[in-house]
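First, the structure itself, so that you have it in front of you.
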Amino acid sequence: MSAQVEVVLAERGVDVAFEVADGETVALLGPNGAGKSTTLSVLGGLLRPDAGRVVLDGEELTGPGRWVAPHARRTALLAQDPLLFPHLSVLENVAFGPRSRGSGRRDARATAEHWLAEVDAADLAERRPTQLSGGQAQRVAVARALAAEPRLLLLDEPMAALDVAVAPALRTLLRRVLAERTTVIVTHHVLDALLLADRVVVLDGGRVVEQGTTADVLSRPRSAFAARFAGLNLVAGTATPDGVRRPDGLVLHGTPGDPPPVAGAAAVAVFRPSAVAVHREPPGGSPRNALPVVVSELEPLGDLVRVRAGELAADVTVASVTELGLAPGASVTFVVKTTEVDVYARPFEHR
Amino acid sequence: MSRARHVGLPRWLFGPALLAGAFVVLPVASMTTRIALGDFWSLVTSRAARSALVLSLETSSASTALCLLLGVPLATVLARGEGRWLGPLRSLVLLPLVLPPVVGGIALLSTFGRQGLLGGELEALGIRIAFTSVAVVLAQTFVSLPFLVISLEGALRTAGERYDVVAASLGARPTTVLRRVTLPLVLPGLASGAVLAFARSLGEFGATITFAGSLEGTTRTLPLLIYNLRVTDADAAVAMSLVLVAVAVLVIGLVRPRGAL
Amino acid sequence: SDDSSGEDGKDRERTLTVFAAASLTKTFEELERQFEDAHPDVDVKLSFGGSSDLAAQIAEGAEADVFASADTATMDTLVAAQLTVGEPAEFATNTLMIAVPPGNPAGIEQLADLTKKAVRLVLCQPEVPCGRAALQVADVAALELTPVSEEESVSGVLTKVENGEADAGLVYVTDVAAAGDDLEGVDFPEAADVVNHYPIVAVQDAEHAELARQWIDLVLGKGQQVLRKAGFGAPTS
Amino acid sequence: MSRARHVGLPRWLFGPALLAGAFVVLPVASMTTRIALGDFWSLVTSRAARSALVLSLETSSASTALCLLLGVPLATVLARGEGRWLGPLRSLVLLPLVLPPVVGGIALLSTFGRQGLLGGELEALGIRIAFTSVAVVLAQTFVSLPFLVISLEGALRTAGERYDVVAASLGARPTTVLRRVTLPLVLPGLASGAVLAFARSLGEFGATITFAGSLEGTTRTLPLLIYNLRVTDADAAVAMSLVLVAVAVLVIGLVRPRGAL
Amino acid sequence: MSAQVEVVLAERGVDVAFEVADGETVALLGPNGAGKSTTLSVLGGLLRPDAGRVVLDGEELTGPGRWVAPHARRTALLAQDPLLFPHLSVLENVAFGPRSRGSGRRDARATAEHWLAEVDAADLAERRPTQLSGGQAQRVAVARALAAEPRLLLLDEPMAALDVAVAPALRTLLRRVLAERTTVIVTHHVLDALLLADRVVVLDGGRVVEQGTTADVLSRPRSAFAARFAGLNLVAGTATPDGVRRPDGLVLHGTPGDPPPVAGAAAVAVFRPSAVAVHREPPGGSPRNALPVVVSELEPLGDLVRVRAGELAADVTVASVTELGLAPGASVTFVVKTTEVDVYARPFEHR
């Protein structure tokens, strides 16, 4: 089931268009309020856009003068709020989709039991939703969406509220299930995008600012949000023959990536925090990039410490932190080798 | 659940609440002090009383059923439907509430009566409504319908559409949504509405006597009997009213589901 | 009842409150005009209803100066309760008449026609004066009347006959007269044997005993003409 | 918002909904065809009509206010309070609904009348209630209170206590919770209830005539005038009923907040 | 404000007791349904426990025959569901707490504006809650809880639904704010616990299974959940003179930590995934620990790959993955040096 999506909703400042190929899982990324949930609602037929169209496998579901009711779309939406039916038991909640699609009572029950077991909630089957904890409710909601066996599955932050033990298991389950399904998934976690999505679409301020295969976007992000999301540093500016010039004049030297930037056009320089060395004084001589910054935050990161300075980050050892006397407010220089910096043309402008 | 959340009510609230309770209960209680218990039993068990009681229960049940049959769709359309014509319709549904019941009876006569709007058609079909028990049910339905519709519509609005939307997105067609989600969720409101409609039907007098007349066994319901008795024997009327009240409280107490109303 | 009155009543210092049986509505409204013309400082307030309802209200303390009843039985209860001043005086009589819809579709010509199976008859319930009178008439004529409905008041009977819902009803002559073109009346001889008497009396505690007396005088005197025109019979005693 | 969610209603629902609408509207409409328009205006603008209309609006407004004053606390206690005595109280509040209004009037007389339960005390204080405009308001309040209480209680139950709990946890004392959270959230239900109470008060007849009598300017409200007219002039009664209906629809249309009811 | 907490709620299978010192931030950790939210509800006075007591700064709030109403406790609870008042604007929502505590209209407004700015939601002030995205609502709810200026602050997953740009900022804010406040916070993210909490209390199945300073618990976890949460491997069994014997008989050798285990008593062995080497065949000879496992999952982890085998994990390079032909289902041996394994006595039994 391939899908074409175009959504214009003036009131929410959303104007988005993208495609989903047959069997593909697309992750919608973006800051809070970017329009991710809005887009899913339009896909599911719960919101009528001002303009645009939704075409699923050639069939127009939403469009000028065309409107297919939600129940007739064979999409299933797991919304951000679990919204389990309070008057039905957990099992009946999960069986609701199969029943509605015409399954017999016994079949629906079997399907529901299967999916409940999959999300590790089989023992909750007879409870009422009010008797569930937040994470338990979230899991049941996931089971309910999966049990509906839709043509297009829409998942809005399915992993929110899950504990560290359940989250990997559910991720594994989703990975298995989504492999065969056409899915659009919203997430704020890089691991979910990496493991579940074939492609990502990055929204910001209601516009698509970047899209591509997951590996491409997360390793070579061209938008500030995607870089942040991937845990990479990103410096935006205009392309010079061998690097990127920031608006403040500072030039970051790097190696041109694909597509190669055209000098003078918008471009971004991307590098990993682990490639950044931290110095108290700007080092002289060698052809390296030196960025004067003020430390804003220190975050433990396993065996390392992530030193944040505004939008930029450097990963250093605990020993270096003590040695350099790093603390929020300290003025230091971030140094990165030219070979570690990739420079890309910026295809999308953040309008 | 006994360990439910405890927000607590403002203390001063109990003052007016108690006053309100007293204002309703006191008159009924003080009325009872007027009647002698001796006559009470013979009165209450008289043939006229029994036949009126049975008729009242039968017709009120029938009219409640009819109210549900007509009122649930109407309330749903009013609460969930779209269209400019819904506003006026919503006001019009209140008509039987404001109309003095006797005038309501006249209105029914002018529709279903022999010379009424539909009278000719009904006559041709061999259907005679006036002076029959059917007329009683229609009169009761006419005055009770707004109660059901308004309670239910309010409940539907308060409950909102969130769960309906979820159900639809899981593939439930509108009828399934209505049956399995919308209505179960507003069950308390539906029950309140049905109880209100039943209570109003049970106490109905004006429209009934105007449209259906008053004949023992056929159209003389308990309120009509009470009215009959009132002229000659006020105490008897009061005694019968108490029976009416007792029946209502009993039926409502038995029928209403937990937590509803 | 001195706190409020219609706009007309603003410059009238005194109020006379008259409780009267519903069947007297038209005539007493006419008499109100006459009385107020004669007494520019007086505002007459009329309260109509079933005789027994009105009597009950007086017993409960409603402030009435005069009470005009449609039957003697009700009046007797008030007298027995010592709520009246002096003896009630009879001021009118009334007899029954068969009321039929315009055109008399069932072709009723005499009392006996009411017993026909096809005729839908409505009566007042036996507990109210017109119902009692109907039973007495039936007794006198040795007929058994089987109504399809026993109404709580005259107006109930009138509504059903006017609407053509019923083919005939037994009501008072005055009611038929008041209904104008909406009804037709059919006389029957047995009616003369059952006469309804209308007594009037001043009520104790009356704020305006003098005015009350003047009203009663009007009803017994000049007012008789108005009553007669409306179809009421002359008092028998 | 025009782009709201669209779940859609089952098509068949419109059948019975339409039937229900017709069942209420048709009789009233067919009644109107009976009256001549010529007499209508002179009738409707007569002194008696105007004074009755004004009295009706005044007393109905007063009784709606009284219903709110007494009914809001009572409904809140019933919906949120705890205690075994709430069940029976809830049933008792329905009493005025089942009681034929005339009997309600008798009950009020036996409490507030001269020979009533509180008659002596009130008399001693120089207060006379029966057969005054105050009695009209009390009679209307007695019959209308259950409407407000039941609608509001239903709305309170449907709305639930979640937001009350949040407010309390933010430091709001119970009175603040009630005023700033609980009641604003059930505004549609409260408005429905108030409108129902107002409508019922406007149409009230039986309890009023029994407890307050029928005296022009003081206690003769529109329904009582209609009753009066019915004896002498049936068409006039119907015409006045239409006025009553028009007033009710108008007032309700103007008063009710968006989305409420 | 110090707090003593004891909660027994039979219906939910919860029986928990812990303390919070003055000015301290305690993180409640545990799997879904462990009783975290339940405990917070009891602290906030929204739930009456079957038994137990809550004492705040010497004042008994809940106890046998004692009950202080929620509004009189001066606690503020941010629940798992934002539950913004739908009839009030965002600003009025945040001003609700101050108003209720007796602030004037203007003061309350100023306070609300301050906190809205702090959570980066100043531009949402005039909106209705229904017009917010999930993450925006969550931020406003955080501002509302903070604006109430409670003696004891109760936060249930305050960072759920936040985007990657806002989450660090909010974490920084909370860190600053919580430094002065007595707080109990529920979280499923190790970073939140590490950065915000002085101490952690780990719940599982309604019981406290472990508690201690954040550093202690996360570096030397004794419960399976805490180990998982910290990203560490944990093997439970009985103590041998120099290690831990698993129920299946396999012995893991290690160095005794503090408290040292008593031979024969319950003990746990803990080691970092990065200390684990992966071999296709069990290596012979040297005195190392070798655990035969079946690979269940591979997860990218920055430059490394995390190889999961049931409860155990090993971090290896991408090159090794290719070289060893690792894939789910492969039978391999996890090898870890004795010096990398710490052995602790297990103070709490998972009842």
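To keep things simple, chains are lettered A, B, C, D and E as they appear, and every chain counts its residues starting from 1.
One rule holds for everything that comes next: contacts are C-beta pairs under 8 Å (C-beta built on N, C-alpha and C of every residue); 3 or more make two chains touch, one makes a residue touch a chain.
Note that the structure is a prediction, hence the values are computed from the model and not measured.
Touching chain B and chain C together: D.
Within the contact network of the assembly, the step distance from chain A to chain C comes to 2. We define each chain's centre as the mean of its Cα atoms; on that basis chain B and chain E are separated by 55 Å. Each chain gets one centre point, the mean of its Cα atoms, and the points for chain B and chain D are 15 Å apart.
The distance from the centre of chain C to the centre of chain D, each centre being the mean of the chain's C-alpha atoms, comes to 33 Å. Shared interface positions of chain A, defined as residues touching 2 or more other chains, are 45-46, 69-71. Within chain C, contacts with two or more other chains are made by residues 56, 159.
With touch defined as above, residues shared between interfaces to two or more other chains in chain B number as follows: 5, 7-8, 106, 110, 116, 165, 167-168, 173-174, 177, 227, 234. The residues of chain B lying in touch with chain D in their complex are 5, 7-17, 19-21, 23-28, 30-31, 33-34, 69-74, 76-77, 80-81, 89-104, 106-108, 110-112, 116-117, 141-142, 145-146, 149-151, 153-155, 157-159, 161, 164-165, 167-168, 173-175, 177-178, 186, 188-189, 192, 195-196, 199-200, 202-203, 205-206, 223, 226-227, 230, 234, 237-238, 241, 244-245, 248-249, 252-253, 259-261. Residues 30-34, 36-38, 80-81, 132-136, 139, 156-157, 160-168, 172, 188, 190-191, 194-195, 225, 228-229, 231, 272, 274, 296-297, 299-300, 302-303, 308 of chain E touch chain A in their complex. Interface residues of chain B facing chain A in the complex, by the touch rule stated above, are 162-163, 165-174, 176-177, 180-181, 184-185, 187.
Residues 44-46, 69-72, 74-77, 79, 83, 85-87, 96-97, 100-101, 144-145, 148, 150 of chain A are the ones that touch chain B when the two sit in their complex. Here chain D touches chain C in the complex through residues 47-48, 51, 109, 113-115, 128, 130-131, 133, 209-210, 213-218, 220, 228, 230-232, 234, going by the rule given at the top.
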